[in-house]
Amino acid sequence: MIDLLDLLAFHADYADTIDSDRLEEWPGHFVEDARYVVTHVENIQEGLSAGVIYADNRAMLEDRVAALRQANIYEKQRYRHIIGLPKFLEREREGERIQCRTPFVVVRIMAGGDSLLFASGYYEDRLVRDGSALKIQARLVVCDSTAIDTLMVLPL
Amino acid sequence: MIDLLDLLAFHADYADTIDSDRLEEWPGHFVEDARYVVTHVENIQEGLSAGVIYADNRAMLEDRVAALRQANIYEKQRYRHIIGLPKFLEREREGERIQCRTPFVVVRIMAGGDSLLFASGYYEDRLVRDGSALKIQARLVVCDSTAIDTLMVLPL
Amino acid sequence: MIDLLDLLAFHADYADTIDSDRLEEWPGHFVEDARYVVTHVENIQEGLSAGVIYADNRAMLEDRVAALRQANIYEKQRYRHIIGLPKFLEREREGERIQCRTPFVVVRIMAGGDSLLFASGYYEDRLVRDGSALKIQARLVVCDSTAIDTLMVLPL
């Protein structure tokens, strides 16, 4: 049985992994054949499946982190995720698999200290219990703004 | 008995109704003779009861949504509510009616993709249990800034 | 035993004390010999213990509040804390003392109504149970930006 407290702990953990710059642990929040898609609201409204980022297995996420670590073409930056309150959408398999939607905002902090509201949106997740933790089977990250695309570097 | 988990689920649901553009469901979060007032901190500090928005029954909220859907005089926009952690103020009737205060920020996203921190403030609520859900008997939305008034379109 | 619901209630209470301008109650969230340090990420990364603010007992926090109330050299302002989801780091003494990390953003609202995203960062806390409430033994406030220092007036 997955309850609201499990969800809160999961989201806290996920955000902390990214914001503490432990990116190598980020793919560990996903099951091996997980789907991870970043898109924006207009794509969703128009029924487009095209995402700004698209991965359908964990190895692709690992590659992405490796690329981030090697490439130094982007300005150094950090994120601060503030994850809102999750809403259950569906429970399956006696509550051991759930779907939920959770709003977020992300502040981006550049090396020089400038901060800005970088992104807002929501996660639409399918999560499963894996031992004591929850793992992502599918995460759709829907950004509110279409203006985000070219700036994205760190995972959301 | 209304506990913190009930409050979290309630707030998640309320915000999702607005941010997912299911405005017609928004009045359903209120009891029939509910009071809904939007005001700002200075009005509160000066003891003024004047609100930017004032409704003392659910039908007025339904009218408001209908007007929003018909009128197209405002630029298309969406909100993203991030609702903070609720604080219990009082429990009445053996915990089946409670008062709580909950901070929020709202990001506004315009059709063109521009996002801005639109509002911050707190909800001061009187909530009652209604079956498995909580409903609003009275919601006072206190915005931190007085500069918000003329811009407000969607509900907070 | 301190659980996630205790943490949520604690953080809600702490933020509300500051944002409701009940600053005199703020030191009451700390034990008498508590440590309270405000610093930023770069200091932490470089292993510097220097903080923008440093206090190692509650009396220093009380002095700070008194000074704030007397001095009128700064422009009138308020904060709105949005505190994210806490993550447990460690449990000690059979769970009666815990360490946790919790992200935050703070919006600053000036007297004229201007709002801005003032600070983001995280709390790294050691908390103990004290009756029905939790109290702070040590709070490290790590701001994401180094650009915050000279502007800080109200507690974070």
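Here the chain labels run A, B and C in written order, and each chain numbers its own residues starting at 1.
Note that a contact is a pair of C-beta atoms (placed from the backbone, for glycine too) under 8 Å apart; a residue touches a chain by one contact, two chains touch by 3 or more.
As the structure is a prediction and not an experimental result, all values here were calculated from the model.
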| item | value |
| --- | --- |
| Cα-superposition angle relating the copies chain C and chain A, to nearest 5° | 120 |
| Fraction-based call for chain C against chain B, same above half, different below | different |
| Geometric centre distance via CA averages, chain C-chain B, whole Å | 27 |
| For chain A, residues that touch 2 or more chains besides their own | 5, 8, 82, 105, 117 |
| Touch list for chain B against partner chain A, complex | 5, 8-9, 11-13, 15-16, 19, 78, 80-83, 105, 107, 109, 112-117 |
| Chain C contact footprint on chain B (complex, rising order) | 3-5, 8, 41, 82, 84-88, 101, 103-105, 117, 120-122, 144-148 |
